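After this come two complexes, each holding subunit A, first together with subunit B and then together with subunit C.
Up next, the complex of A and B:
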């Protein structure tokens, strides 16, 4: 258990733009941090540099106060869960989990005890004798997790490790990962391109773009108070409005763009009262997407096509269909304003 | 045309070709082995096991078998040991020269076997490159005999089967996955332990396949033992040649050929049994 500090980390592959560009990042002891970003933003490269699988061109990696930049992989004491799980196909689940302990020269009895403990933690105590190919995707993923934590690493790295699971299992696993990480008090970095995953299980989220950290903060901070249009657009759905609308600071100045989250936009039927919503746009329904718990209503307005999101149980969308006239309203306080970058 | 017939029709050209060039000649050879050869050298049509009786009564047959096995095993093992690092490098490299390097590795196949052996004669001979270097460096006083003996044949066979071994190794490396090796490293395994515990076991199917192909090819090789052995190295293949073309005893040559074929089939059966065990 230790804090991680990255300073001035850079990596460039070949002639292209840098994959990681002078990146600074600090992860506190016991913290669960998400590196979130679209593919190619440098998040996996950052993770591989920390693990020691890729040497950085510049910068330092410090773990628990020690500079480990030049330390070879096998001496770093970092648990890594791979996207593909990377289980050893010729060993049993228990063999996989025990591999790191074996490398550390632990006596047999101690090893068996800790393997059993790690397998119990991921609820696979019955399946230790099975080979990876005899396990389901979710079980393989648990073995990979157990293998990484069995060595009681100073740092746990998770590389898109839920992306190969189906939606339901993914939700279940992310809760488990969170519980295990918290119980063990391990500092952890979770690389993902899935914003729901990042927001749901991490203490803080670092949104990456083009090799740099665009914004870092608690899930609520990055979601509710995005500092850049990129962060605003990447996390959750967002309406982008170029026309002048009311904002907290008055009318939208030129050279700026306004954004509002669909679930902050209310649907007004039959000239209902916008009640404190400073912004109003009338238009016709283009499309209604029913997802069960929420319903997305896309409306063509003079401000462009705007989406509103209401609860599936809400009465506002009932009876609406494409072509129906409808009013949209949202508060100035919910309107985010960003300067348009040249 | 029924759908069930279609696969057979697609296979037909290959099956016909295989029968014509492989099954028929062997059947014919087997038929010859049942004939009797008279003292005069004339072959008499018969259905007899005389040539097999002579073959198995002769201690020389067992000596030949041992020689062939020993040489083939030496050459194949040598080729696997030398070819493994090359194959592993070719499998992993992301160099844009990879295709070129792969071609280089199998380039010896483009030269006729005879030409290659003659090349070895030049390199390994008493006045050859190796001996000139050894003497020049003062390591030895007189030339080390490297041709017309076992060592020469072993060296030549190793080189001649290496391209095939490398290709089989490459084909057998399918299960090797870089991230699995990386996982082992993150768990604390230094490179040599990653190799012994992960890379080697996962490449074992390739190693076994490569060794087998090398063994079979080395065992049936004729040109290399003949030319580099200088008439002093006797193996099954050279003896078959001698019986057929020097002694003109076709039934005996055919019987020995059938025996050699049976040995190779046994080796293949052992391989199948072994891979089945590895797979489970």
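Up next, the complex of A and C:
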């Protein structure tokens, strides 16, 4: 249990652009931080540098106040859960979980006790004798997690470790990981490209792009108050409007782009009152996508194609079909404004 | 139907010499006649009592064992470096180590003799061992480089993050998982070294001859079924090794390696 501080971290593979570019990052003790970004943004490289599997070209890694930049992997005391789980196929689940304890020279009895404890934590106490290939994907994932936390690491790293599970299991596991992390009070860094995962389980989210951190904040901050168009576009769906519309600061200045989240856009039927929504756009329905809890309505308007999202139970979308005339409205307060990057 | 007949002929062609050898080995006759006039084990007894051939067999077994150990000790780390590390000249090292596979053994044998002679290595144990290493190392490096390359690097990384120092990672994770490759390349090395004729003919002297060389020389001067009996012993021995390897590898697949 310790805080992690990265300063000026850089890494370049070959001649290409840097994978990690002068990155600074601080993770508080006991905090669960997500490194979120598209593939190739440097998040996995950052994680591997922290774990000691990749040497950085420049910068320092400090854990619990100690500079561990030059410390070899096996002396770092960091638990890492791999995307592939990387379970040892020639050992049982218990053998896998006990490996790190064995390396620490724990006596047999103590080791067995802690292996049992870790397996109980991931609800696999009955399956310790099985080999990895005799376990399901979700169970393998749990063994990998148990193996990483059994050594009681100062820092837990999770590398896209939910992406090989099916949707339902993923949701379940993500809650479990959160609970376990909180119960153990372990500082944790979770690398993912899935924004829902990042928002759902982490205390803070660092959005990465091209080897740098674009924005860092609580899930609500990065979602509701994105600082750059990239963050706005990467987290959740977003409408992009280049034409002048009303914003909190007046009209949209030139050289800027406005954005609004689909779920902030209301659908107006038959000239209904926009009720305080400063922006209006009329158009015709292009497509309606029903996903159960929400319905996405795409509308062709003079401002471009805009999407609105309403609850599946809401009355507004009933009876709408492609080609139907419809009005859209949203508040200036919900309109995000960004300068267009040169 | 025609295809089956062809396959049958193919197998008959391949296996016929073996059948003849087996039949003649149990012959009671003094000459290589087929079919043998009667059955007996006298040639196996004669083989047992033949000091020259038995000594050569012992030498070949020792040599093959030593060559196997050396080939694994050199080839496995080399294969590991080629499969896992990124260093300049990696391709060149791999090519150099596997190149002898491309040369006719006759050329290789002559070349080795020419190099060995000034160093006094011809007709010596170290000379024979080095010559056999030249032909067996390519197999070890090739098999092990493939075996290690298919082993996910994540497994070794995982062991390291759990606190295993590099050599422990190799001992506890890499080698156990590469064991099928180790057994296969070890068995192959042993058999190649044990059977090697051409290069040994160049290197081996009159006092230090391996079994294949001794056999070759024996056949030059004798025409009795003793060599057939020896051939049967060798065939049974090779089959035993191959079956053992099969069983070991199958066993390992069964326990999840």
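Following the convention adopted for this analysis, the second predicted complex is superposed on the first by the 342 of 342 C-alpha atoms of A that agree within 3 Å, B and C clash if a C-alpha of one lies under 4 Å from a C-alpha of the other, contacts with A are read in each partner's own complex, and residues count from 1 in each chain.
FYI, a residue touches a chain if its C-beta (ideal position, glycine included) is under 8 Å from a C-beta of that chain, and two chains touch if they have at least 3 such contacts.
Since this is a predicted model, take the numbers as computed values, not measurements.
In this superposed model built on subunit A, subunit B and subunit C take up the same space, so to speak, and clash.
When the two structures are aligned on the shared chain, A:100 is found in touch with subunit B and with subunit C.
Of the two partner chains placed by superposition, only subunit C is touched by A:131; subunit B is not.
Within the superposed three-chain model, A:80 lies in touch with subunit B and with subunit C [touch as defined at top].
Taken together, the two structures place residues 51-53, 72-80, 82, 84, 86-90, 99-100, 103-104, 147-148, 151 of subunit A in contact with subunit B in one case and with subunit C in the other. Those residues of subunit A whose C-beta lies close enough to touch subunit C in the complex are 51-53, 72-80, 82, 84, 86-90, 99-100, 103-104, 131-134, 147-148, 151.
Those residues of subunit C lying in contact with subunit A across their complex are 152, 154-155, 157-166, 168, 172-173, 176-177, 255-257. Across the complex, subunit B meets subunit A through its residues 175, 177, 179-180, 182-191, 193-194, 197-198, 201-202. Contact residues of subunit A toward subunit B in the complex are 51-53, 72-80, 82, 84, 86-90, 99-100, 103-104, 147-148, 151.
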